[in-house]
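Each structure below is given as structure tokens.
First chain A sits with chain B, and in the next complex the same chain sits with chain C.
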Partner chain A sequence: MRGLALFRKLTLTLVMGVIAAAMLFPIAVTFTNSLMTEDEIGYNYHLIGKMADIGAGEKDGFINLKLLPDWISFRQYAEVLVHKPKFLHMFWNSVFLVVPIIAGQVLVASLAAYAFAKLRFWGREKLFVVYLMTMLMPFQVTLVPNYMIADKLGLMNSNSAIILPGIFSAFGVFMLRQFMAHIPYLYIEAAKMDGAGHLRIFYRVIVPLVKPGIAALVVLLFADNWNMVEQPLIFLEEAMKQPLSLYLSRINEGARGVAFAASVVYMAPMVMLFLYAESYLVEGIQLSGIKG
Partner chain B sequence: MIARACFGKAGRLLRKDGAAASLFLAPSLTGFAVFYIIPFAMGFVYSFQDSTIGGSFVGLHNYEALQASASFRKAAVNSLMFTGVCVPLLIVLSLWLAHVLNQKLFIRNWLQSAFVLPLAVPVASVVMIWQILFDWNGILNEWLNSFHVERMDWMKSDWSIGVLAVVYIWKNIGYNMVLFLAGLQSIPKDYYETADIEGAGKFHKWIHITLVYLTPTMFFVVLMSIINSFKVFRETYLIAGDYPHDRIYMLQHFMNNMFLSLDIQKLTAAAVLMVACILLFVSVMLVIERRFRSFMD
Partner chain C sequence: MEWKLNEQMVTGRQRKLRLAASFFILLMILFTLFSNTLLALTTPKAVLTVPSRGELVHHFTGSGIVNRKAEAALTNPAGWKATKVTVKKGDHVTKGQSLVTYDKQDAEQQILDEQANLKKLKLSNEEQKSNYIEAAQSGDEQSMKSAKRALDIGAIDVDMQERRIQRLQNDLHENSELLAPFDGVVTEVNAAEGLPSSGSPDIRISNTSLGFESEFLVPADSAVQLKIGDKLKVQVKGDEGLTVEGQVEQIQDGDSGLQGSTDPGGGAAVNVPMKKLQVALHDNALKGGESVKVELTQMTDDMILVPNQAIRDEGGKKYVYGVEEQDGPLGNTFYVRKIFITAADSNESVTAVSEGLFEQQEVILESSEPLREGDKIRIH
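Showing the complex of A and B:
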């Protein structure tokens, strides 16, 4: 019986391990390929996007996917980080879009979430449903009026056209409300007893208790916005203002030799943040799914 | 309990909270109104007008024009297809993963991390890998070739939607799995023990205990999966550009292209229709959920 249980455990682990390896495959290959020389990349992948001209007697080949480099080289990184100032420029573009959105949303959303979770006011449930509904709408739904409003406020072609709507998206309110709903009223009553006002309760009692929620929100917002595509396409006409996400999809065509290192640099902050805050993230996702 | 006790004090407290609530809500509500509510209301009005500036009311004309547009119908069918097929598929797969991961395993935490990590990886950074896999000269074709299957250009065939489904599932399976894991772990163990004593089979336990108690989680997972299925537009755009193969031309492509060609009437009408569908769907879900909860109590 013990043996059977052990066998089962081993088999399941093996099956899961294979699936996990498949999930990690794209990330791992990107990393190992980033250590190849440009020549090696060129040699392995020059067939991407090419079709043989059968009439001219050519024959189709196959891409030579290579998992490990012949020898390790940091030339791609040097190229991306030192020789291509444009890349770093775009990197900072992304940072200057994402950081204000996160900071702003955490502040604004945590205040609103407190009202939704712990204060009683007329129309609370209905208003919260309205917030929820906007979470479901794809960006394109309000494209035209958003464009007109950005135009009216003089935000066109500036980062604010992306940052401001980003700050006020409903996601943070939703997620932090779920967290705050789990805090017992007892804490708030006790603080009130000590003569604390709502603002004091908010930053002395509530904020410390929902720190894991805020951490989870930061990771999710970072993941979502670091990856943004639609907003800069519409609001930022100048190529030099666009974030890395758009730039990278273009660099793939022209400069394949450095695309892997560029990709690694691009995903590095996100992956590091993930590894650092994973337990918060998991807890955050799970708590948001439980009815508060 | 205390919540209810507080609520009982009613009137005075309610008004007192109202003042504080308006202060806490003010920043969020202002921005939310300017960037979400007002744009949406404007879009709704535009969808019944012939021009955005000084337009006059044209009734359902824009909707008729939209109906007649072949590319809209194509986009609507594709979006529905994608969401309708991929969301259930994603849910089944992630539920299975959660179910297995909830059992005794070696390196469980490592496995969980591996499944969630793609959530953190920006799609633009793995576009190269998707190309290498699905290109005409790509790895998938090479692999199939060894089984004597003719090669094809995956992103330019009817299979492109399948490629997209793979990307969508790859990215979102971890999120759902984590949600389901929490749901599974919240089911009290004695329910299963009681069922064991009564001699219930595995399948029976799964249907009558696991699935029933997972239902609240399920509602949330469905909602999040739908939201994320709309976000797959990013991946499509990064892999295939403005005008991808017919099979993966989504409503978002349609709306983006209408925007670029300044056909605002069709765009707003399409947006209103899409929102109407989402609202209808969510309302149905909420009604079912309410029924379910009163049934559980």
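Showing the complex of A and C:
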């Protein structure tokens, strides 16, 4: 009986290990390839993006995925960070899009979630359902009205066209409401007895208690907005305003040599944020029962 | 307890991550601020030029020396010692002016000697005459004839002697002084007081009324449009801005010469047929002896013109560096590409390219560092 449990555990570990390795593999390839020279990458992946010329003796189908560089070179990083000023420009474009969205949404969503979770008013549940419905609809559905509104407001080709819809998203409200729902009403009662108003209760009682939830929201929002492609593609026509996520969607033959280093730099903020808030994220997802 | 340990571990890791994140952000800020500086340090900057289509103009400069048209070398044929030189180089003289006076003592002495000889002859003639009278009185036919012959010979000798004296006197008159044959300028003085003539002309004198002339050797190609009577602008070297007008008087075939002076750096010197131009100059400002030059232009067909600076050479094959632009999501990158060309002709500033380039194709004029094919460059 005990042997069976051990066997089951081992099998599970093995399966999970394989899945984890499969998921980590692209990241490992990206990182190790970022230390190769442009020539080496060109040699390894010369078949990407074109048909194999079988007549000339090229073999169709397989590409030599190389994990270890012949020698370690930081040439790609130098190329990306020094020779391509546009990369840094796009990096900061991303930062200036994502930070206001996160800050705004955390502020707006936490207040709204407080209202939905702890204030009793008429039509609360119905309103919340309407709220949830906007969340259930994919971005593409609301794209046309979004576009028209942005156009009417004269926000086209400006960051606000992306930041404003990003701030007022239902996702944060829903997630933080789930967190706040778990806070016993007694805490609020006690604060009220001490003479605290709603703002003080929110700031002194609720926020400290939903810190893990806010952290999880920040990570999820960051991942979501750092990787957004459609919104900037549609709302930002000017190439110099577009974020880094669009660059990765446009890697082509010409820029293949630096794509790996660019990807590593692109990933870095997200990975660091994730590792930093990992425990909150797990806790948050467990509590709210959702994931991004 | 276990929970607390876990908490400590978490905060320890978070502290490291916070440090890493700060470092990352700082790095990105630094690169943002200084990448341009780093780029300037690592990538050569190139200046581009766009070749134009046009005619290649050859400027040719021919040099010459201004000379008087008519010049006379005056010499004392008798080779007498000069006693007085009254002119120096550059002096303006008028016709008949005395230039050099010579020592005539020897000649005068000789004339006196000859005159004494003449007297002697005349005396001996008198004697012959009286001999003849004696012979006539004696009636001796034979002696009378011989006396008559001696008398005739004596008369011939007297004539000869008289002519010789006349000639010596003429010589004395002519050679005692060197006179200017025309209005002119003394260009050379070789006579020195106290010394006899040294073989070279004592005085050289140029005629001012006939003007100047100069000879230029120019490539036949550039002289093709010239004909006798054409006016040319002739620049006087050294004399700032002085330009005189010349007129072509003669065009002759000259020796082949090396055409090197026209194209410094462009093309190997080639043997080209030359023409000798004789140009008459009329200008009061000229003195003679000045270095002068003429500029001739020669046009070639309509071709693509590239500045010589952009033309490079590799074992005799000429090429230019062009620019290849590679588009990428992160902006365009410019690479150096070698383009071999055929240079048809060149002058001191541009080269006419017949093959390899097309109009409006940018080429690199100069760069901050030596370039090689495939180098990445910045363009300004």
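Basically, the second predicted complex is superposed on the first by the 263 of 292 C-alpha atoms of A that agree within 3 Å, B and C clash if a C-alpha of one lies under 4 Å from a C-alpha of the other, contacts with A are read in each partner's own complex, and residues count from 1 in each chain.
Following the convention adopted for this analysis, contacts are C-beta pairs under 8 Å (C-beta built on N, C-alpha and C of every residue); 3 or more make two chains touch, one makes a residue touch a chain.
Predicted model only: the values in this text are computed from it and were never measured.
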Side-by-side fit of chain B and chain C on chain A, or clash: fit
Partner chain(s) touched by A:160 [first = chain B, second = chain C, both, neither]: neither
Angle, in degrees and to the nearest 10, that opens at chain A between the C-alpha centres of chain B and chain C: 130
Contacts of A:227 with chain B and chain C, given as first, second, both or neither: first
Touched partner set for A:32, first chain B, second chain C, both or neither: neither
Chain B versus chain C as contact partner of A:276, first or second or both or neither: second
Comparison of chain B and chain C by chain A residues contacted: B
First, second, both or neither for A:88, with chain B first and chain C second: second
Minimum Cα separation, chain C to chain B, after superposition on A (Å): 13
Interface residues of chain A shared between complexes with chain B and chain C: 246, 252, 262, 273, 275
List of chain C residues in touch with chain A within their complex: 10, 13-14, 17-18, 20-21, 24, 28, 31-32, 35-36, 38-39, 42-43, 326-331, 333, 376
Contact footprint of chain C on chain A as seen in their complex: 78, 80-88, 90-92, 246-247, 250-252, 254-255, 258, 262, 268-269, 272-273, 275-276, 279
List of chain A residues in touch with chain B within their complex: 5, 9-10, 12-13, 15-17, 19-21, 23-27, 29-30, 33, 45, 47-51, 60-63, 65, 107-109, 111-112, 114-115, 119-122, 124, 130-131, 133-149, 164-165, 167-170, 173, 184-186, 189, 198, 202, 219, 223, 226-230, 233-234, 244-246, 248-249, 252, 256, 259-260, 262-264, 266-267, 270-271, 273-275, 278, 281-282, 285-291
Touch list for chain B against partner chain A, complex: 2-3, 6-7, 13-14, 17-18, 20-25, 27-29, 31-32, 34-40, 42-43, 46, 52, 97, 100-101, 103-107, 110-132, 135-139, 141-142, 145, 151, 153, 170, 173-175, 178-179, 181-183, 186, 216-217, 220-221, 223, 226-227, 230-231, 233-234, 237-238, 251-252, 255-256, 259, 264, 267-268, 271, 274-275, 278-279, 282
